[in-house]
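Structures are listed in the sections that come next.
In the two complexes that follow, chain A is the common piece, with chain B as its partner first and chain C second.
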Partner chain A sequence: MSTAPLSIPGFALVGCPNCGKTALFNALTGHHQKVANYPGVTVERKEGALTTPDGKTVRLVDLPGTYSLRGRSPDEAVTRDVVLGRLDGEPLPDALICVADATNLRLVLRLVMELKALNRPLILALNMVDIAKRQGCEVDVDRLSQELDIPVIPTVAVRRGGVTSLFEAIDQLADRAKAGPAGPVTWREPTSQEIRAAHKEAERILKACAFRPGDQRLTGRLDKVLLHPVWGLLILLAVLFLMFQAVFAWATPVMDGIKAAFDLLNTQIQAMMPDGLLRSLLTDGLIAGVGSVVVFLPQILIMFLFIILLEDFGYMARAAFLMDRLMGSAGLHGRAFIPLLSSFACAIPGIMSARVIENRRDRLATILVAPLMTCSARIPVYTLIISAFVPNRDVAGVMGLQGLVMFGLYATGILSALAVALVMKRLVWREVAEPFLMEMPAYKWPNPRNVLLGLWQRASMFLQKAGTIILAIMILIWFLSSFPGAPADAIEPAINYSIAGMVGHWIQPVLAPIGFNWQIAVALIPGMAAREVAVGALGTVYALSATGEEVGSALQPILAAQWSLPTALALLAWYIFAPQCASTLAVVRRETNSLRWPVALFLYMMVLAYSAAFLTYHIAEWALA
Partner chain B sequence: MSTTVREALKTGGDVLDLRLGQCPKGWRGVVSGLSPVAELRIPWTEMERRLLEMGFVEGAAVEILHDGPIMRDPIAVRVDDITIALRRAAANSILVRAEE
Partner chain C sequence: MTQGWIALGVVVVAAAWLGWRALPRPLRRRLTGGKTGGGGCGCGCGD
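Let's turn to the complex of A and B:
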């Protein structure tokens, strides 16, 4: 970052969306990349280093894609501020590399004209020339270079050796960069008349260079099916179903394997070490904590495999097109359905996948409502309470009552997510929505190397950034539930003597109006670790000796005997909204790069959970009286 | 047709101008101008520049390639040699003329 020695020149990659800029960045820097956020914003910052054939080291930063330097969205504003040297802590790039899709030159020429006004050394990388050739697309490169008065380098980012000439060009660019800028920055925001004039100039250059656009018939034929009002929707549903199935079901065996491995490790340690605090810290704190981080990896990898493939193929823009009106009616972006759908499996990959939405405000709205989707961690809680309290009988002869209640819980989650999104759009962000104006890129085959690199980046980012927070919270929760230990003559379960037990008893009066007894209050504290932990914690509070899967079935008769129906229903209502998932909060902290949003998320969900439980409890009491 | 004509007169456009957002799928023509409509939620100076930046300049050839599954919205429009998706409400600020 800004700590790099000043002698190393810093270059920036600029280009329109879908021009293959990231693939070029990967080809230039390999896996020597650092992914982080720009300070204070949700915009991802990618930096890498490369060594030129002459042995010069160059830092390269990949800026968010944009059609102009006007900074129409927060992401585009980052691009503008970096190239103008206006962003705090971000050095002004010594030179710029503009990336253009060789098959689609029209819009990027205007961007080049704006970049030239910065008076920095500039080259144009004409990317995807292989695809251009195959499509019969033509352009006179020498003439283009002459017209634009900058070097133009044909590249193929996805092929080995496809960027050799770009490396050489970067060498020369580094020499030019040493001489400093050629003149003052003359860029200012263009007026509509200036944009019109720039278009005319771009048109003239395209004619002069004998530019012939590529053959788009294949994309056109695919779009006839994939954007069809009926077939297109059916295919989208099939893709979504496959994705959901993969995250939900395919990940499960791997996750079970990971859980089993960590359990095995715990049993081994328990067999080797004497019972005591150290053993408890090691097994219940540290190993269980690491396990609870790693267990998310299969879902995250599967989720991002789908997302990266769909994005690179060009399907994501089509899906957004099909879903735009539906999601738009709830004030959400067309692409928000991917994060929301995957949140049914788990909010962690869901929130991480909100990155498919470029616009920061739309992304935040999606992140904030994603945890309302019924994730799989709620299922054990729902199952336990439903099987204990809802009679297993048929309604209207076809549906089971238990299944109907489960469906109702899911539906309430979805409806409240849409309602919260709408409220946020109307009340919180009263400013205007981004107009839906999106280029539909031509379909392309995804490049395996880029897919793998993208997966690796997501996984390592999750482990490093979110994983450390999750682990710290897990150990904190272990500490709260274990200290102080039970006295020697203890008759109640140990958790009652711990800080968690004390806090549970202490907050019980606050939870009394929603019908929660102290056992629930105590179980909610370790339940902060993850929603399904609440089941195990209830088992602990009711001093069950059963472990694992048996806790649920052993608990059922106890709960049915000790809880009133309104209490049980109130707890169900609570768990539709319950913010109790430390990992979700940690990932929101990581993805939004601020503490404000996880706090806002926690508070609003807490208010909803309490209100819903309160209403449910009192309506049920009244109805049963 | 008469409402379109009246609208065109009201906004100062030529009587031959249509609004792109009102054209059906498959329609081909040429952009003849940009003029604001009431439904727009961002300032016109901004919206106009965004449309221009995406290629909706006077003289650009347009064709409506696809429309969305709900209320035929949004639309995918071929603009010269690129494809842009936008809502009909926004497309209404693009004046177009049928190909001669």
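Let's turn to the complex of A and C:
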């Protein structure tokens, strides 16, 4: 797995979930990170490199959060196996850095004692000491170090506080690692008696080294409002609402800039190159296709800006708590909130994170409804159609109509997921729900560096996708839309005579009842690879369909002129449900280890998509008649 | 004519690359001796 030379010492970051482990990893490694999966499992592996003040290079792995080495979920099992050197292809770490949340020391002490019993070089990074201080928690660092007999370094990972001291401690351990390999690691599952004894010892150390006031002041005061059954839900709705308004209101100037840049590029190429196939490939295929997808980058980044800020602030765990009752009423496990929330970014990590749910049927229910949550790939499709068909005006003087429609699409996705889960749990699996326990992290100000790093990762993933899969598909779409060429006496646009045109016309009768024309039929086929590809395909198909002055990079005015409102609404309804993502189906196949579930997922989503588009189209036609 | 040949070359490369990506991951891993390129789905999960 690791590509680093064996002479480079390898350290591993271990800690409970939400202790600021990843923020510390970012602070230590900066942007020198590689993200992949552990072999054979779908648990994310993050590795980075750092250089100590003495100039030593150290490899650092950020392990999934765990409360003990008795890992139950696949994530926790990976952490245990890496720490014990049992994971194939993953070298035994030369030293461990255990990250502790200073505001909740009780939670990590037993893990520290378990790690210490392994006789590996160990450092305790006492993170979030600033918040602990503000809350009135006092930790006697020297005494804690004495009691545990390991170095204890106070840190504030989000502000890189304490990083220098941690580097020095890493330096010393790196020397020890260089001096020679450590002996074998032995560990066995503790008995209940040993667990009780460890718990007692942790309590003793806690009493000796830490003072924690009963009142958590700011966190307590904020939670009284934010977790209130009525006010809390209203605030959550308002936050989500603001997010969707911002997606439209803030992104427009940057999107206009990107559009103008692609238009300029188009004009330059047309001025520089003589008319020919390569020029057509560049302008009609690449610029019209890839350009119409890339233009949505600002909206995707604004959406993620909100998600990252809310996560860093500590609000997401509260949102999970607020949603638990709603999800429970639909028969979903409380832990399903995390996979479903991840699915707002992409269903694939969402489906993979369903592994946090131990019960197989709860997990399957979550996996089967996760693709109904509105993933970022739907954003280009939604915003394209909304911008073309929904007027940009205020409703009741406070909210924009476009944002309101977007909010409605997201809400429909969520409600559909809950409704499908309810049907599955009522009709297919009837089981009593398991209780849901969750640790609420302390509130903290988001760190700009972490936010920027998160946005950078999102932007690079999106652009990488646009520059690889989408680019390649657009080249093929251009080819299929250009050949065979039109006959000499042709009166219609050349694309009508092409392979894509023929395929589109051939499929169109099936899609006619839901109001889709042949151009949409052509776009839906490559859209199976990834949803946003359909936007690029529409860009290319309409660029090649256009004649003379109609040709341009802006797809919105073309769609507004050529589609009816019922068709546009039907396509929106289609996209809420359609299983248009081959990668999602592949991941469901892998996660369920069966072909039955991806087939079931595909069929039920396809039936829902067609039915919803059919109803939407005919109701809209009837209403407008 | 030159434009046509270049365009055809680009199309062939794109089709070959997409065909390669469409192969099952274990098969790709076997054919390349471990490296598959990753990043197919584009969400950062490594697929």
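Rule of thumb we're sticking to: the second predicted complex is superposed on the first by the 329 of 625 C-alpha atoms of A that agree within 3 Å, B and C clash if a C-alpha of one lies under 4 Å from a C-alpha of the other, contacts with A are read in each partner's own complex, and residues count from 1 in each chain.
The rule is short, and it goes like this: contacts are C-beta pairs under 8 Å (C-beta built on N, C-alpha and C of every residue); 3 or more make two chains touch, one makes a residue touch a chain.
Computed from a predicted model, the values in this text were never measured in an experiment.
When the shared chain is aligned, chain B comes close enough to touch A:325, but chain C does not. In the superposed pair of complexes, A:281 makes contact with chain C only, with no contact to chain B. Shared-chain residue A:141: touches no atom of chain B or chain C.
The interface of chain A with chain B does not overlap its interface with chain C at any residue. Partner chain A is touched in their complex by these residues of chain C: 2-4, 6-8, 10-11, 14-15, 17-18, 21, 38-47.
For chain A in complex with chain B, the touching residues are 67-68, 70, 72, 104, 106-107, 110, 190-192, 195-196, 199-200, 213, 216, 220, 223, 227, 229-230, 232-233, 317, 320-322, 324-326, 328, 432-433, 435-440.
Looking at the complex, you find that chain B touches chain A at residues 40-42, 45-55, 57-58, 65-71, 73-74, 76, 80-87, 90. By the touch criterion stated above, chain A contacts chain C in their complex at residues 35-37, 42, 44, 273-274, 276-281, 345-346, 348-349, 352, 457, 461-462, 464-465, 468-469, 471-473, 475-476, 478-479, 530, 583, 586-587.
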